[in-house]
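What follows is a group of structures, each given as structure tokens.
Across the two complexes that follow, subunit A remains constant while its partner is subunit B and subsequently subunit C.
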Partner chain A sequence: MQTKVLEVTGLEKRFKKFHLGPMDFELEQGMIVGLVGANGSGKSTFLRLLMKLMREDGGVVKILGMNWKEEEEEVIYKKKIGYAGELLESFDSTTIKDIKFFISHFFPTWNEEKFTRLVERYRIDIDEKFSKCSKGTKKKIDFIFAMAHEPQLLLLDEPTSGVDIVSQKKMKEDLIRFMEEGERSIVLATHTVDEINQLCDQIMVMDQGRITQSFYKDEIHDHWGRVWVSHITNNVKNHPNVIRFEVNPAQIVTNHVSNVEDVLQAEQITINQTQRLSMEEVLEYLIEQE
Partner chain B sequence: MKLFKDAFWLVKMEYKQQWIAVISTFIMCLIVGLFMGTFLSGFTSFHFEVNSTSFDSYFLDFLFLGLAPSFATLSMAKPYLSYRVAKHNPYGKRMAVLRSLPISVSVLALSRTLFMLCTLVIMSFAFFGAMSIIILIFSNNILEWMTIGDYVIFVFVWFGFMLTIGGLNPYVEYGMKGKMLHFIPFIYMGFVIIIEIIFFTFFNQSVIEAILQLIKSYGFIVAIVSILIGIVSCYEWNKILKRRLEKRDYI
Partner chain C sequence: MKIPIHVSDESREPIYHQVETQIKTLIVSGQLHPETPLPSIRALASDLGCSVITTRRAYQNLEVAGFIKTVQGKGTFVREVKNEHMEETKQKVVHDAFEKAVEQGIQVGCSEEEINHIFSDVMKKNFK
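So, the complex of A and B:
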């Protein structure tokens, strides 16, 4: 049975001023991975490479057990992928209904009932031309097209960016339902803490084209914390689990509270208070740290 | 068969979406055909002997050679008419959508080649049709130095040339940056000028005169050779386009 949905080894892409990779990445079935990182860190480029919208300079990718480079297999795996990456601009003069007619032709698993349900749920007028839609509506249309053919793997590039709060909530609900419907997986590039909190199992931090850190969400909740102490010694300052420290008042931000507590004990430093960090704070540290 | 079926479906969708550009390009071809027909009907003679320096025949060369690629695409589509639109790479963006869908690169390349072929047939029908009607109505001059048979061969020879050069269009549209749509015609015209200079220097006659001379000497074989070169070129352009579609970055 296929459990690895995505296996990326040594993926590389070179531009004049940017170099993505070499990147190794694995995605297990049933998992949602959140890709986070500053603007320009390479999240969108990574998803575009997976969709073969860009030519890689090196590396091997297996998607849903299929070889990325075989033309025949590319067609098969793309039928099982839902990609939302703001590509529909070239259909500006076309109505949503006509775009749907065009796109659905290539997906044997297209679920018309689901499509109708989603356009009603997100209040999309399918007779409207794509160019007349607002940025948020375009995002929702992208999302609906990615979902309506019952994919096994969703690649979503900031799906809720510019979307109203009510629709954002609906999208999260739809993604949770999507995961419950079967053996499915999602790669989600996002800047939204709520999405990471509510949806992701694993978080990968990208910086300058590389995955610099990878965590399971539970690990973050368990290990990251802020510790107020009596004083800070040099050994504490230089400890690998200490992310940041302040002298006045003396406090430490750590990515492994229990490890740091052991060191503090050995250094005979008094712990005044310990507080777990919120996901937002952790992400801020992770992204700033790079 | 599935390859052709899928490619034709894409061609059909493209025509459905681009119907305004299809009609306007068709009208443009009719007008150009009427102009060329009028120009040819007013032509007093071609010079098949050396030392021909007729300005009209060189002007005619520029028209025929220069306009040939424009019949194999929707040259009245917005990206061709506006640099601002072309700069945003609309064809590349369209191809990005297609590449994100489960369609093989072979189908995509074939669909572009078929679209080019269908467009060429439609537009050359308008162009040659309009030109031929004018020539037949005002046939006094032209039929003095060219039989109707020669004229038919001439049309086929020229169609073969359009076929040969037409494959450049899908490559520029889908294989290059959008602004190249407006730069390539200048490069192409540069080639036409070089060809003209070569013909003038070495043969002392225009390309059209040379072709008419060949038609007089070898008859329909010239048309067959031209069409064959066109078919082989289409096949090769398709291969080049496929390779380019596989390798290019769309965004």
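So, the complex of A and C:
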């Protein structure tokens, strides 16, 4: 089963000082993709464009099998998406209870029982005004509203930033549970290595408005590594798959272990040990590399 | 629902294969009894830090080989494994472990004689 929930082609948005795209991107049903990249790389803009919170300057999107440009279809697919960004800011001095009254009417699939359960789970006081809540609490409320109408696709913009550790863990559990029920998918913009490790199947790296890398997480496991060697020659130093090297003790970091092994053998260099890299280290190289 | 498996940082063996072998070992050694529920592919992927593609592949292979079964809507469970199958797997697990040990011996520069000597020492210690 390879149904695509998102097919983005040539998506573009131009601002005075920032240009997003053209972006091409696909997401299969049942997958979680992690969107990573430095601050200002365009992750939030991408999600906001998908939600039509701003107008694009070019490109086509198919979302949940529907044409993103058709206004009649927009009403349908938006009800099937859970978006947690900064959508609620406009409610400002409204209480959570009143926001719920408003939002729940928009979604035919609204699950009141689920909302109540989540509000208790994250200890949200629904009589509080949204503007009075702390940054972390606002994030939790965003998350609850994204989940409570049983969406098929979640678009989450740094859902755990500023959130306490216990609630972060609960959110991860809730997302795993969300994925267990039927064919659902998540796009998760994040700066947290744990979330990439524990939640994502795919990783997409963004830099200056463009997708610079996109792969399944296991490809990192299969190809990236640190190799300790007897010595390093110029041919090794200049090899395109060698990302970094150190002389003492001699070691190289590579994004393709087997390619580099061939070169090492040709150069008659002995391999002492090979180790996989941690996700944290790989992300550091990927984001810094650009 | 956690099961004691982990992905090695040193091994170049693909993750799905590591998972497969470790679950087989747990079943053959009797640590996982028939009908024991296994974590979902999503939960296992989360524990191991890999994708669901990998865990799904491992479960599919285990299912084809008759070690586990999936019950629609209920989850994945350990199956009763046939005796001959048990024996075969047992042999393979031990064989692979020896192979790894010998590889390591060669890596640190042991001669055949030295490795043989160590092997008979270990055997003597365990089977008096």
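Going forward, the second predicted complex is superposed on the first by the 286 of 290 C-alpha atoms of A that agree within 3 Å, B and C clash if a C-alpha of one lies under 4 Å from a C-alpha of the other, contacts with A are read in each partner's own complex, and residues count from 1 in each chain.
Going forward, contacts are C-beta pairs under 8 Å (C-beta built on N, C-alpha and C of every residue); 3 or more make two chains touch, one makes a residue touch a chain.
Computed from a predicted structure; not experimentally measured.
By the document's definition of touching, neither partner reaches A:166: not subunit B, not subunit C.
In the superposition on chain A, contact of A:60 is made with neither subunit B nor subunit C. Contact with neither subunit B nor subunit C is seen for A:266 once the two complexes are overlaid on the shared chain. In the superposition on chain A, A:106 contacts subunit B only, with no contact to subunit C. Within the superposed three-chain model, A:257 lies in touch with subunit C and out of touch with subunit B [touch as defined at top]. No residue of subunit A lies at the contact with subunit B in one complex and also at the contact with subunit C in the other.
Listing the residues of subunit A that touch subunit C in their complex gives 30-31, 172, 176, 179-180, 197-202, 216-218, 221-222, 257, 273-276, 279. Put simply, subunit B touches subunit A in their complex at residues 9, 13, 17, 90, 93-94, 96-97, 99-106, 246-251. Those residues of subunit C that touch subunit A in the complex are listed here as 7, 9-10, 12, 14-15, 40, 42-43, 45-47, 49-54. If you check the complex, the residues on subunit A that touch subunit B are 48, 51-55, 71-72, 74-76, 78-79, 83, 85, 87-91, 93-94, 98, 102-103, 105-107.
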